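Okay, so chain A shows up in both of these, paired with chain B first and chain C after.
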Partner chain A sequence: MYKYRKIGLVIGISVLAAFVLIAIFSPVLAPYDPYKITGAPLEKPNRNHLLGTNNMGQDIFSRLVCGTRATLIVGFGGALLMVLIGTCVGIISGYYGGKIDELLTRAVDVVMALPMFPLLIMLAMFLKPSILTLIFLMGILGWTGCARIIRSQVLLFSESNFISGVKAIGASDIYIMVKHVFPNILPLVLVKFVFATQDCMLMEVGLGFLGLGDPFMIDWGQMINRAYIKGGFALGLWWWLLPPGVSIAFLSLAVASVGHSFENEINPRLRRMIL
Partner chain B sequence: MIEVENLKKYFSSGMLRKRYVKAVDDVSFHIEKGETLGLVGESGCGKTTIGKAILKLIKPTSGRVIFDGVDLLKLKKKKLRRLRPRMQMIFQDPDSSLDPRMKIGDSIAEPLKLQGDINKGEIKGKILELVETVGLNPEHVNRYPYQLSGGQNQRVVLARILALNPDFIIADEPTSSLDVSVQAQILNMMNDLKREIHLTLLFISHDLEVVRCMSDRIAVMYQGKIVEIGKTEDIFDYAKHPYTNTLISPTSIGDRVILDRDMKNASDYTLGCVFYQRCPFAVERCSKKEPEMIEIGKKHYVLCDRVT
Partner chain C sequence: MRAEYLIKRVFYSVLVFFITVGITFAVLRQIPRSYPGLDKSVIAQYFVYIYNVLQGDWGYSQGVPVLGLIWEKLYWSLIILVPAISLSLLIGILVGAHFGWKRGSKMDASVLNVMMFTRAIPPYWWAIMFILIFSFHLDLFPLGGYMSISALDRGISYSDILYHSALPIITLTVYSIPGTYYLMRNSMLLTVGEDYILTARAKGLSEKYVLFKHVLKNAMLPMVTMIPLECAYLIAGNIFIEIIFSWPGIGLLTFDAIAAKDFSLLQGIVLIDALLIIIANFSADLFYSHIDPRIKVGGGNV
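Moving on, here comes the complex of A and B:
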């Protein structure tokens, strides 16, 4: 079982790294300018156009490569913000306990009760659509799960002797939270971050499909949306539809695989073996 | 040096109908400079809670703790933090007393760094010095707590505490989770330190023999109350409280006192003596009126109405 997880980790990280490299070097890798009309409309995949062209004659492969960026940026950015807020709230809530904990836990309950995706759609419609808006919205709507899990872990920690010991040598609360509590929950934070990344990527593509993505950036959701609206589904133009869908599926699987391997690493029974 | 007056710590549970567990109930004692007070009692009687409450690691319900003339419980947070290095606590379980993700050396260096005004070279020298004082190997410095044994970790805890040069240490069963040979080593070391740097010590344990060899005076606790307090010899030779007698009697099997009556829920009654339900000498009035501390000898006090 352990070996299997390790293979999963290696494959996951490799695929993820490949996507990141593609995103970074997309201007070099894309054979054509993704916005320019470089061929006849709706060409089948051929030697000049690896994945054919869309209804406007733009190269689909180039668009696919350039679209990687949006998904990755929103995925990592959104997850970072989610985990940042969640970790701060979780640590403060669990460490101080008492009234502060009560208050923050209620806040988590309230935000958690909001249906995230519909709300995200609504807010994305009202606000100026851009990558930063999406990251911001995902961050402030999605931190609750992380906060809750971190809180319970910190609650456990702050009762332990070593925290009492550090308090007794005259350390301030902030020092203890930063120097002792945070490093001890870091593995958990990492796992949460990876899974949050997956969620954010899928949401980004979902929003793109609904036409709520950044209009000035190419993204996979938007590509599927275009194919859908312009009759790609009806006409069965698979080279127009499949590439973005398959890409997001692969990316999502890779991230999930990394997350599961990490999760395994923080399993308390295995922890000693690894550290 | 340290004076504890009417210290109480109640833990409450339930939202509407509050129920209280009196972990520490109206406890008063004092410890003079350089003196060791042993605190004995069965598990769950509130020994650890007293220790933590004195250092304000948990907030006492009421009472006063006066350390060197300062009332700790009235102190502002910042001033308390400045005073804290002078009072330290050794916990029962050495393995959980250290940050699992910090190397031993860093754990020992931490109090030094927090004190400030010390450069890296000095810290390094001080760490090695402390490591030697507590009988560890310099190569342990780069290890993590889980790579050391319980006894070694307890030495690390001790080194970390000694780095602060405290005046007062609360040792909460420092040896109970260690095996016997290591126990003796740690205790001997503490005894040496006591002599060398004139430590004031509150030594908490359920092991009477250990307490006997460590303490100048002994306080016996039962259900959150101190039932008898006096010099070590007096407690062992002239114990007056029936509970103290049951504690020390197993050493002389002939006239062993055995507690037969099982205890009912202690929080169910509030009147009368805490020991009433199990006391072999209890009479009617013990269940009605709370006994008071009476002096029966020099520095020897008993919480029992039936003694005289």
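Moving on, here comes the complex of A and C:
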């Protein structure tokens, strides 16, 4: 099983790297301007248009390539903010314990019980959807799971002898948290980050599908939305609907595969904590 | 002790509700429209709003009371949600428990991969694929909607609704099984590693006895507290599945509200979803306090 996971890691990272490269070089890779009308509407895939055209005559392949950016940026950005808040809250809560811990744990309980996705929809619509708004909203609504797990890990950890040793030397709390606690939970933080990335990517495309994508960017969710609403599904225009869906599924699978490999890697030490 | 625990949980439920109401209030206040008590201070407006919400006056969406509209749609959503939650818990717990016990086997690894794959595909994609395969090509299920055209002459029949709801329920179940499976499998792994399991084995108890009397009982406990999270996950996924299947529930209503930029309707949807999650949370707490004796004596840290 171990070797198997390693293959998964290599494949996952390669696919992810390929997507990142595509996102960076999308202006070069796209054969046409994704906004320009370059052919007849609803052309089937042909030599000029690799994946055909949509109902406006825009090149689907170019739009697909350019849409990679939005998903990757929101995925990584949202996950970074989630894990940042979650790790800070988790470390402070677990390290200090007592009243602070009680208060933060209750705060986590309350935020966790909020209806996250409906709130995300309403707030995204209210704040006018853009890449930055989405990252911000996902970050402040989605950090609780991470905080809870980090806390329980830090709780076990801060009772260990060497932390008392460092305290006895006279190190400040901040110093201990940054220099001793954080490096020891870093593997767990990394695993959480990878899975948070997957969640944020799926949410980004999902929101795009609901019509809440950044209007100034092309994204896969909006592509699926348009194809679905304009009848691409009902009429069986597979080349219109399929590419963005297959892309997000591929990307999400690659990220999940990396996450599971990492999780397996840190398993011997941390398996008890990953709930 | 149990009463104290439950009172504490009620307090948090109320707090959650008030925070949700606070957020929807903050959003609604920014939307230009005639609003009761606009001449008063913000605090007074907040209390007027809470009073109205508790009274069942959730505002109007294009002249129709929001609560009435949502109430009608909720019924349809629950037709899909309740069976899907039950099925996904049942299957997820069974499969998770089995492979948590037989961890490390070849089958365990492949099931884990299948679950990873299932979880990675977005819900609307499962819905689209299932319609293409089972409705379009195999013609086993209808393409969408909630009843046949024949209902116009013959009236609504339960079997017809069941027939239409089958595929949405299957899709939602497939989408949510990996969540319960992961939790149950992890919970099993944790429990099997406990010292008291080692003790039980050392006493020479049979594997079957250890599994049913010691491991399963304890591994099930954390599952109860995870049910509300699973509900929130399902509510999110249900939005997409209802849209693709044209099922006339809260999810499709959400889609229409977004398209119409109807904030008062969205506010109502957020409130009803908050209530659903709070109810799920509270029932889990109630159930938990019954099955975990540590709460009765106040020993456990919960």
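Assume the second predicted complex is superposed on the first by the 268 of 275 C-alpha atoms of A that agree within 3 Å, B and C clash if a C-alpha of one lies under 4 Å from a C-alpha of the other, contacts with A are read in each partner's own complex, and residues count from 1 in each chain.
By definition in this document, a contact is a pair of C-beta atoms (placed from the backbone, for glycine too) under 8 Å apart; a residue touches a chain by one contact, two chains touch by 3 or more.
Computed from a prediction, not measured in an experiment: that's the story for all the values here.
Chemist: Given the superposition on chain A, are chain B and chain C in a clash or a fit?
Modeler: The answer is fit.
Chemist: So in the superposed three-chain picture, is A:Met125 touching just chain B, just chain C, both, or none of them (first/second/both/neither)?
Modeler: second
Chemist: Touching A:Pro115, do we find chain B (first), chain C (second), both, or neither?
Modeler: It touches chain C, and chain B stays clear.
Chemist: Touch test for A:Ser164: chain B only (first), chain C only (second), both, or neither?
Modeler: A:Ser164 contacts chain B only, not chain C.
Chemist: For the three-chain arrangement built by superposition, which of chain B and chain C touches the greater number of chain A residues?
Modeler: C
Chemist: Take the Cα centre of chain A as the vertex and report the angle out to the centres of chain B and chain C, nearest 10 degrees.
Modeler: Between the chain B and chain C centres, as viewed from chain A, the angle is 90 degrees.
Chemist: For A:His180, decide between first (touching chain B), second (touching chain C), both and neither.
Modeler: In the superposition, A:His180 contacts chain B only.
Chemist: For A:Cys88 in the superposed arrangement: first (chain B), second (chain C), both or neither?
Modeler: neither
Chemist: For A:Ile13, is the partner it touches chain B (first), chain C (second), both, or none of the two (neither)?
Modeler: The answer is neither, since A:Ile13 touches no partner chain.
Chemist: Chain B and chain C, closest CA-CA distance after overlay, in Å?
Modeler: 6
Chemist: Touching chain B in one complex and chain C in the other: list those residues of chain A.
Modeler: 272, 275.
Chemist: Residue numbers of chain A touching chain C in their complex, please.
Modeler: Against chain C, chain A makes touches at 1, 4, 106, 109-110, 112-119, 121-123, 125-126, 198, 202, 205-206, 209-212, 224, 228, 233, 241, 245, 248-249, 252-253, 255-257, 260, 271-272, 274-275.
Chemist: Chain B touches which residues of chain A in the complex?
Modeler: Counting only chain A, the residues touching chain B are 160-162, 164-172, 175, 180, 183-184, 272, 275.
Chemist: Please output the residues of chain B touching chain A within their complex, sorted ascending.
Modeler: That would be residues 52, 55, 57, 81-85, 87-89, 91-93, 96-102, 110-111, 114, 144, 146, 157, 160, 164 of chain B.
Chemist: Going by the contact rule at the top, pick out the chain C residues touching chain A in the complex.
Modeler: Residues 12-13, 15-16, 19-20, 23-24, 27, 30, 104, 109, 112, 116-117, 119-125, 128, 183, 186-187, 189-190, 193, 222, 228-229, 232, 235-236, 239-240, 243-244, 254-255, 258-259, 261, 263, 266-267, 269-270, 273-274, 276-278, 281 of chain C touch chain A in their complex.
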